[in-house]
Amino acid sequence: MSGAISVTKRKEFWSNDLLEGDEYESDLGSDEEHDVEMSGAHDSNSGVDHQDGSIVTPGELITDDPIWMKGHGTYFLENKTYSSVVGTVSRVNRLLSVLPLKSRYIPETGDHIVGRITDVGNRRWKVDIGAKQYAVLMLGSVNLPGGVLRRKSETDELQMRNFLKEGDLLNAEVQSLFQDGSASLHTRSLKYGKLRNGTFVKVPSSLIVRSKNHTHNLPGNITVILGVNGFIWIRKSSKMDLSNSTTATGSGQSDHLPGSKNAMSVSITRLEEESSWEIYSDKNDTVTVSVRQTITRYANVIKALAHCELGITEPRIISAYEASMAYGNVGQLIESETMESLGQDVLNSEKMRGAA
Amino acid sequence: MNTNTALQQDRHLSLETRPCSRGFEEFRDVLINDGNISRYSAKCQNANTNNVIGSSIVRSGKTFVITSITGGIVEETLSANNEDDVGEEELITLSEGSNRLAKNASVHPVVEIQRGRVGGPTDEEMITSERLHKTLLHSGILKKTALRVLCGVRRTDENGKTTKIYSDEILEEERKISESNNRRWSYVLYAKIQVFSRNGPIFDLCWNSLISALKSVQLPRAFLDERAADLKIAVRTRGRSMTIRETYDILCDPEKSLPLQLNQHELGYGSNYGIIDIDPLAQLAKEENEMDVDKPTSVLLADIETEAEESSIYSKLSLITNKDGQFKSATIIGGGSKITPEMIKRCISLSKERSKDIESKI
Amino acid sequence: MSVQDRRRILGPAEAKPLRFAVDSETSIPEEGRTDDKKTGKESVFISTDLVTNANGSSYLEYMDGNSDQVLVMSSVFGPRPLRGSFQSKASVSIQFKEVTLEHFNTGEIKEICTFLTNVFNAVINIEKYPKSGIDIFIDLIQHSNSNPAEEENIIKILPTCINSITMALVDAGIEIIDLVSAGSVDNSVVAFIRNGHEIVGIWSDDDKVSDISRLIEDCRVKYLQNKQTLVQYLR
Amino acid sequence: MGLSITEKSFLFDSLTLDPPLRTDGRGSHQFRPIEVSTDFLPNSNGSSHVILSGGSECIVSVKTKVVDHTVESELLVTDVDIQGHRDDSPLVTSMSSLISKLLKQTIDQKKLMLTKRYSFKLYIDVLVLASKSYPVSMISFAIFSALKNTWLPKLISSDDDLEVEELPTFHDYDMVKLDADAPLLFTFAIVGDSVLVDPSFEESLVSNNGLLITWYKDRATSPIRSVGLNNDNVKGFSQHHLEEAIKLIHKYAPDVERALVSSD
């Protein structure tokens, strides 16, 4: 890719050669589902039930058996249930719902998410987490400087902006859901709070695979927080990240950081004092140039995975990162062909290793 | 109007002073000049790109008003066959005779007050523009005949040298050429009035500024190209033959212009007054014996200024008189304290001096 | 102002504004007029605090060598509270209005408003005024360029507008990091602060870009002169 | 949806490194990949559709009309419309006035001359569907590629029709390509000491100032404007930034022009 810019020419949609049945360049990109079989679509009211996991389109009859309870993505017409979104059918003990392929993030209790503060209101912050509605972070469910057990006072209400203000990024956990489905968050543990020393990437929430732990330490002294809502934060690993890296994270973890062995033995109590004003400070620590480059490379790698619509998991990020080493200059990773070839590398290496 | 401005106002009055530290019947000093804005002003450099034909800057106290007058030309629609129908002509002149107003013309003012806000015109701006338009129309200062365009003809002979002939400046036999075309035009005057540091009622200030701008207006001579004067071309368009009149815009002569004729004796200048009672309780005990305490004494104030006065005075007079005291327009609003005939007489004599003073300054 | 705009008195719809014929021989002969004034010294008249209902205002008359004349008045309203969501820094807005004759189309006017807003965003200390707006109004009273051939162009009045806004801000007591002024050379304007070491705005419409440094140097000279006059007035 | 203080300061430190490290690792001269498809609107003489990888998108349509240029002197009408912004908002009005003034200067009317009396009048309509960063570069690229692909009907009647009155008649289907070289507008972001081309949304939020330089006839020419890419951390810049930007443009603009031209 010489020169400053790469311009790809898109074929004209209306060019006359299209009419002779040439391969229709659909945006889905991948070839094998090119001639999708249209079998089940026409006879939508022929009473055939859709098994779990099959893809349905809006208006398709799922079942005419009235015992099923109607969940998300379905609607009910004279005891027949139709699908109202494109997605996969899911039946959970008499609850029938259709999970949309692409939709906004639907918060669930316990999700580890990343959000951005949009409003500071009376004793609460409004947080944008990419869901249908803004989530709410109560003043009560936040760690305040000076220890975990401090009682909330009026002065706190006045100083709310000193803790978190508009535009701030934080990671938090969904504490509970309100009646209308919007989430109430809490940052009641030291791994939650204001995010620093890194950069932000947004991917469709459906690409994030729900797992027990969403904070991963990656090779190159980097920590990534895969928010379930598709908000991803990549940062330089902080002392706390290294200390709780005792959990079995990726194999390549320890040998990449010979110097960090002694950091592991940091005791939890010293972390307690850290919840002084410093947890809400806006100052980044000094980040070396090499770490910054690694962060940028990880950001491009994650964007590449999202571009190929691959589920984003920690092993995939690491193998994609290693595959991206082939392209010396990080800038080349933004070309769409490079992204697609990176996606292929990840899939091939996975097939090779047989990992699910 | 919160109470303390009224109290503060009364306290001031009882000491024979006003918040703006002027005497009861003392006017703000006024300065008027043409601001060198119009193309006909003395030191104007950009004559050929400047289409302002009259201007004035009036400064009274801290408030100042900039007025610029621009012009337009509109073709009057004459009844189609009026050349030979004398009866028709007579009917028009007869009806105009009785209807005095039809003979008057007016200016189309746009008043804008600088108030640090962007947006549509406020009520005050609309009311003032409307009032200026109507008062000028009814005052008869500007007659329709003064706005008639005496259209000249531009003859371009072979070597392109153009000479302009105006019907009133030329010999008899040439006159019939320009009379032949039966099209008539008249000027239209637009006024743009900008008020800065508004600090009280602004109507009379805008009126004085408008009048002084009108006095400085020069109407440029207008002419048509000769071949357009009587040219009709037949054009065959899809079978129907149609005569289209060559549309030549009427152009203005950058050199020659005529001053706008105003009826001098109709000219009047504006001033405003307010009447307010001094509440006896607020009276300081300076001379309590000779003043019958319970009867509120009312005071006449000239040239209302400052927010305190404007909000606490309800009885207002706004007069436009000429220097020998003839009324042009008078608005008297008796909202609060009683307006006695003596006060009105006093206002008239005051406004007579005021218009003499303003007239001398233009 | 659309015809059915009932809020303004617009006069007859079919009236056409006056158009002055520009036939060559009647216009003023070219050389005769301008050169005798060429040597005229630049003169600037400044006065501040004329608009009482504004926080700060300034009036500037600028006459350059060949009797080009710009009369501009600017008034500053603010810092005043802004409704809506919280802003940690003030938001500056600039409006431009031609008080008497109207030369420039709204596009050009909006362009210089955005340009000036960018210049003064760099100069006003906006961190000091959270949740507030600073609104600046420029009223162009008179503007004439002597040689009729060159059509009206908005760049001529930019330096004077910048100077008058700086004076209005000073008069309003709003904190600015330096006195902004600008120099203009035929169709380019460069606004400087810090004695010419820092550029806060450049607007160039003529294509002698090959020697950009010479262009900036000429404008810097003019800038220093203008700044000198401002400082003299203030002291 | 701005950035938080921590993101901004992290990004600012990265961008002021030498060489600057941009959000997606690009070089300071490197553009984001763009997709250009041209001639896709059947009923306009020329059209182009530009999609930036950052999500910004713009459509330009060029239509033409035969007019008598003795009566109408305006042969070029441009209109810019940005989705999500009011037509009278400062951004839209100043952008459309800048672009129409620029096109009037650079496209010479003689190329539009048809006969002694008639010539083509071009209507250029720009519709910005989504604009994350400052849209003026994308608009000028789209106009450039649209004008490079504009086809005008071929004249078959005689071309000096001053004496004899004759309306121009055209060939039934042959078309002539309009040969007009349109300018390219480049946006630069100034962050600390570095000058970055084609700034992304995040980089614009962090930049101290912005520069707009035109590239026309293989030369960086006027108009040159300093333009604010954000409102809250604008600072002055020095002469060397300007020279650096002009050096960048002289070095890389030909590549961009070639890439755009070869794309049709």
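Every chain is named by a letter (A, B, C and D) in the order it is written, and numbering of its residues begins at 1.
Note that a contact is a pair of C-beta atoms (placed from the backbone, for glycine too) under 8 Å apart; a residue touches a chain by one contact, two chains touch by 3 or more.
Chain-to-protein mapping (UniProt): A = WGS project CCBQ000000000 data, contig 00012; B = Ribosomal RNA-processing protein 43; C = WGS project CCBQ000000000 data, contig 00058; D = Ribosomal RNA-processing protein 42.
No experiment lies behind these values; they were computed from the predicted model shown.
In summary, the chains found to touch both chain A and chain D are C.
Of all chains, B has its CA centroid at the greatest distance from the CA centroid of chain D. Of the two chain pairs examined here, A-C and C-D, it is C-D that is joined by more C-beta pairs in contact.
Centre to centre, using the average C-alpha position, chain B and chain D are separated by 49 Å.
Distance from the chain A centre to the chain C centre is 50 Å, each centre being the mean of its Cα atoms. In terms of their C-alpha centroids, the spacing between chain C and chain D amounts to 28 Å. Distance from the chain B centre to the chain C centre is 30 Å, each centre being the mean of its Cα atoms.
For chain B, residues touching at least two other chains: there are none.
Within chain C, contacts with two or more other chains are made by residues 88. Pairwise chain contacts in this structure: A-C, A-D, B-C, C-D. If you check the complex, the residues on chain C that touch chain B are 7-12, 14-23, 25-28, 50-54, 67-69, 73, 75, 77, 95, 99-101, 103, 135, 137, 139, 141-146, 148, 151-152.
Contact residues on chain C toward chain A in their complex (touch as defined above): 85-86, 88.
Per the touch definition, chain C reaches chain D in the complex via residues 88-89, 91-92, 105-108, 110-111, 113-115, 117-119, 121-122, 126, 187-188, 192-194, 197-207, 209-210, 212-213, 216.
Within the complex, the chain D residues that touch chain A are 1-7, 9-11, 13-14, 17, 21-27, 29-40, 42, 49, 53, 197, 252, 255-256, 258-260, 262-264. Considering their complex, residues 119-120, 161, 165-166 of chain A touch chain C.
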